[in-house]
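Shared between the two complexes below is chain A, which has chain B as its partner in the first and chain C in the second.
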Partner chain A sequence: MEVISPEGLRQDGRTALCLRDISCRLGLYERPNGSAYIEMGNTKVLAAVYGPREVRSLSKQNLDECVIQCEMSRIAACQGERVRRPRDQRTRALSLQIAGVFHAAIRKTKYPGSQIDIYVQVLQADGGVTSACINASTLALVHAGVELVDYVVSCTASINKSMPLLDVTQQESASGCEVTVSILPNKGSVVSLDCAHTLHLDHLDEVVDLAMKGCQQVYKAMSQEVETYLQDKHAIMSHR
Partner chain B sequence: MAACMVKEPGLTGDVRRVQAMVGVQGTAHPRLVTPGEVISQDTSFMRGHGTYMEKGVQVASVAGYVTRVNRLITVTPLRQMYQGAVGDTVVGRITKVQTNRWKVDVNSRLDAELRLSNIQLPGGEQRRSNVEDERDMRALLTEGDLVCVEVQKICDDGLLRLAARNIKFGKLSQGTLLAVSPSLIVQDKQRMHDLPCGARVVFGANGYVYITPTVPQEQASTYIVNFEEVPVEVRKTIGRLKNCIKLLAHHSIMISPTSVMTAFDTSIEQEFEIKDLLKPDVMQDVALATVQSMNE
Partner chain C sequence: MADISLSEAEKRYIVDGVKLGIRVDGRERLDYRQLEIETGLVSTANGSARVRLGCTDVLITVKMEMEPPPPQQPNDGQIHFFVNCSANAAPEFEGRGGEDLATSLSAMLDRLYSSPLSLDTSRLCVVPGKHVKVLYVDVEILECGGNLFDTVSLGVKAALWATRMPRIYITGEDGGELEFMVSDNPQEVDRVDVSNAPILITHLRITENLTVIDPTPEEECCGPVQVVVGVTPKGLITTTQQLGAGTFAPQTLSASLKMEVCGKEGREVMLMCYGEKAEKRRNKVLSFMDRKRKKWCLCTGVRIGREFDCFLSVLRTKWVTSLC
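For the complex of A and B:
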C-alpha cells in the first residue's frame, strides 16, 4: 500500500500538506470545572479538568505554585483490537508528558498550594493521539477559567520518501515516523517535541517546521470554537 | 423577534435558541478575549485578574470579557472558582477536623477554615471555648456535614476564614445540595429565602445551593439535626425546585429567587412531572418560558 499515490493523494484523499478535519466542543459536563471534546479526523479525545482545588496528599503540596497532575486512559474499543488495560506503561508515560507540557502554559504562581487535575480519555485512536490529548486539555483548561500564558496547540508531521506529510494517521506513521510538536501559538515557542519510530537527522528541520505550521492551523480552529462558545454563553449571562 | 421552533439536535442547538430569546435586550457588546491575545499596548494601564504583562504588552490569560475601570483592566472568565468576598454567605462541607478548627470545602481553590472560636457554642450563652470543647468538636460538626457560614476574612494566600456567629448560621439539617457555577448566582444581600411553595433555599455565594423544608424560626441549638420524617408533598416540592435550578444552570440563566420561582411555576403550569424536568427537551422548554416571562 502506497502512502502517497502517484497523483499525490494519501489513503484518506488528502494532499501531503493537508490537515484533517477538526471539530471540538467546550463544556460537555457540569461537574468538572472544565471539559472539552476534540476530533482530529478519526482520533477522538475527551478531557476534563478539576481544579484548582485543595491538594489531596499533603506530601505533594507546593506552597509557591500549584501542582499539576494528569491521568490519561484509553477505552477498550479505541483501536482495531481490544485494548487489554486502559492504563499501562505507555499511558502513564503520556500522562507525565502532558502534565509536563502544561507546566509551561499554566500560570502556576497564581494558585499556590492548590492542585489542578487533568483527566483525558481517548475514545478512538487513529494517529496523533498525544496531540489530540494536549489540544483537548487546553480547551478544557480554557473552559475551566484556569489562567494560561497561551493556548498549547499540538500537531503531528512525518516524512515519507523525502515527502513531508502533515497530520499523519495510524497507518501512515506505522510505516514511517510520527513527530509531535506542541507550541504556544502567540509566542511561537516550542513546548514539547517528541518523535515516535525513527527519523533521519537531515529531515528533522523540515518536519518540525511543517508541524509548527500545522499547529497554527489547529490554533485557528480551536480559537474559533472558543470565541463562538464565549459569545453564546456571554449573551445569556449578561441578562439578569 | 421569534425564536426558531425547529428541533436542532446537538449541544450548541439549545444554547442558540435560548440566546435568540435573550438577544431582544440588545446589550452592548463587550470585548471578548482568549488566552494569549494582546489586550493593550499601553503600559500605563494597571493589570488586574485574568491578565499578565509581558515585554510591555498586556496579554489576556483567560477566556472571557474585558472590563475597564479607569486605569485597571481585568478579564473575567465565564466560569471561575469561587474567589471569596468578605461578608458572603456560603454553604460548605466539612472535610477535616483539626485541633481547634474545621476545614471546609467551599468550591474554592483551597479549603476554607472554620475556627472553634468563631462559632456559637451550644448552651446559648457566649463563652470561651475550653479543652472539653476541643475534644467534643466531632460531636458538633464531623466530616461530611453541611454548614451555612459567613466569610469573615480572606488571608493573603487566598485562604478563606469562616464564621458562624449568628443564630441563622450553623449546621444544615435535612435537605438537598446542588452545585452550580458561582458566576450564575445573583448578588443578593439576603441569601436565605423562604419560597412561597413551602421550601427554604440558601443560595450560597460559592455556587452551592441548599434546599430544605421550611423550619420554624426558634431553634435552641443549631447543631442537633432534626431527623423527623419530611412529608411526601414537601419532598416533591424540593425535588421540583432542584430540577428547576439544574435546568437554569444548564442554560446559563442567572439563578435568583425570582428566576427559580418563575421556572417552578412554569413547570407546574405546563404540568411537567418532576422526573420529566431532567429531559433535555423539557429543560429547554422551561428555560425558554422562564426567560420569556422574565422579559415581560
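For the complex of A and C:
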C-alpha cells in the first residue's frame, strides 16, 4: 500500500506535514511523586516519577548530583502480535536512552546524593514510541516538581520518495526510516537524535528540520496542558 | 506494597477503630471503596478492561490465538494468565522485584478459573484435537493501593466479558490441513460467557474475630493474615487461599466465608445490570483522560457510589440476621 496517495494524503488521512492528535494528562496517580499520560495518535504511554529520594544502592550514589534511572516496559497487547516479555533487551536500551536525555534537562546539582526514577509504561505502540516516552516523562517530571532546564520535547520524522513526512506511524516507518529528535524547545538545542532503518545523507538536514518544527508544535500542546492543569489546581491566576 | 511503615501508635489506632466498627477512611468493616470499571480501552487487544478500586489500578488485556491443544485436553480451549507488576505501581517492583507477587497472582487466577463450571472452555474449541482458541489474559498492575486480588479478578471478569473474537469459518481442506477464514465483519464476533465467572474476595483479619473487606495498604500492615476466596455468582467457592503469617480461628474463618458468598451477590448484580446497559448505550471511553474523576462504571456514565452502598447495605442486614 502506498504511504502517500496521489492526492497527498496518508493512510490515516493526514497530509505529509501534519502531526497526529496529541492528548495528555498530568497527575493520574497519588502514589508516585509525578505521573502523566500521553496519547500521540494511537501511541499511548504512561509515565511515573519517583523522586528525588534516597539512593537505593549506595554504590551508585553521587554526592555532587542526583542519579537518574529509567525503566521502560510494554504491556503484552501493545502491538498486533502479543509481546511475551514486558522488559527485554530492546526496552532496556530505550530506557538507557531516555535516562540519557534527561541528564541534560534535569538540574542535577540541585539534588545531590539523591535519585530520580522514571518509569514508563507503553500501553499501545504505533510509531513514535521513544518520542511519546520522552514527552510523557517530561510531563511526569513537571508534575513531580523536579527542576528542569527546559521541557524535553520529542517528535519523529521520515522521508518517503523524497517527500518528508512528520510523525510517522509504525506502518509508514517500516517502509522507510524513522528519525527521532528531542529538543529543548526554548533554547532550540538538540538533546538526542536517533535514526532507525536507513536514511540517505542528502535528506538528513530536511528530515531533522522537519522533526524540530514538529517538536515545537508538540511543545505547544504540552505546555497548554500543563497550564490547564495548573489553572485547575488554582496555582496560577486565570486571566479569562 | 511493603513500602508503608507504620508506627505502633498508628497500628493501634487502626485496630481500635475496627473494633469500634469504623475504619480510617470512614468505611464500615464490610464496605468497598469507590469502584470504577471501564472496558474497551486498548484497541489492539481482543478485550480489555481497567479497574480502579480506591487507589488500586489494574489494566487487563485479553488476546486470542489459535493453537494446537495439549494431548490431555484435545477438546477444550485454554486460558493463560500472566501478571506483570510494573515499576509504576511501586518502586520496589523495579527490575525483578515484582516477580513474587506476580507469580502468586497468576497462580491464584489459574486456580480461580480451573473449574469447568466457571468458564466453559469447550466453547473455545474450533477443530477438536487440532485447533483450539487460547485466551492470553495479561494483567498489568498500574498502581498498588491494597487489595490487589479483588481488583484483578474483577478486571479479568470485565475483560473477558468485553472480549470480542472474530468468527472463524472453516473454508475447506487442502492436503490434510484445514483452511480457515477469519471474518472481517465487526458484527460477527464470538463472546465469552462470563455469567458464571468467579471473583476473588479478600478478608483481612485485623484483630481477634474481626475481619475487614477490601483492605488499604495501611490496614494490610496491621493485619497478620488474610484469606482470599474465589466465589461464583451461584455461591460456589472455586478456590481459597490464606496469605500471611498468622492464624484464623475456625469460627472467624467460617463466618467470613459465609459473608463472602453474600457479598458476592451484590457485586455480581451490579456488574450484570451495568453490563446490559453498556450494550445498549455505547458511551465514549473516558479511560485515562477523565478529568473530573466522577464515578463512572462500565462506560454508562451512571454514578455508582450510592447504588453500590445500597446493595451492600441491603445484604448486610441479611448477614446479621443469618449469623445471629
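Remarks
Here is the rule we use: the second predicted complex is superposed on the first by the 234 of 240 C-alpha atoms of A that agree within 3 Å, B and C clash if a C-alpha of one lies under 4 Å from a C-alpha of the other, contacts with A are read in each partner's own complex, and residues count from 1 in each chain.
Operating definition for what follows: a residue touches a chain if its C-beta (ideal position, glycine included) is under 8 Å from a C-beta of that chain, and two chains touch if they have at least 3 such contacts.
Just so it is clear, the structure is predicted and the values come from calculations on it, not from any experiment.
Once the two complexes are overlaid through chain A, chain B and chain C clash, as defined at the top of the document. Of the two partner chains placed by superposition, only chain C is touched by A:Ile75; chain B is not. The larger set of touched chain A residues comes from B, when the choice is between chain B and chain C. Contact with neither chain B nor chain C is seen for A:Ala221 once the two complexes are overlaid on the shared chain. Look at A:Pro86: by the touch rule set out above, it reaches chain C but stays clear of chain B. By the touch criterion stated above, A:Asn42 is placed in contact with chain C alone, chain B being left untouched. In the superposed model, A:Ala104 lies in contact with neither chain B nor chain C. Once chain A of one complex is fitted onto chain A of the other, the partner contacts of A:Pro32 are limited to chain C, with no touch recorded for chain B. By the document's definition of touching, neither partner reaches A:Leu19: not chain B, not chain C.
Contacts of A:Tyr119 after superposition: chain C is touched, whereas chain B is not reached. With the contact threshold set out at the top, residues 25, 28, 30-31, 232 of chain A are in contact with chain B in one structure and with chain C in the other. Across the interface of their complex, chain C is touched by residues 23, 25, 28-32, 35, 37, 39, 42, 44, 46-48, 50, 71, 73, 75-80, 82, 86, 117, 119, 121, 123-124, 232 of chain A. Those residues of chain C that touch chain A in the complex are listed here as 41-45, 48, 55, 57, 59, 61, 63, 65, 82, 84, 86-91, 94-95, 136, 138, 140, 142-145, 288-289, 291.
Listed in rising order, the residues of chain A touching chain B in the complex are 25, 28, 30-31, 33-34, 51-54, 63, 107, 111-114, 142-151, 184-187, 223, 226-228, 230-240. Residues 11-12, 15-16, 18-19, 22-23, 25, 27, 30, 32, 34-38, 50, 52, 59, 61-65, 77-81, 95, 103, 105, 109-111, 157-158, 179, 183-184, 186, 249-254, 291 of chain B are the ones that touch chain A when the two sit in their complex.
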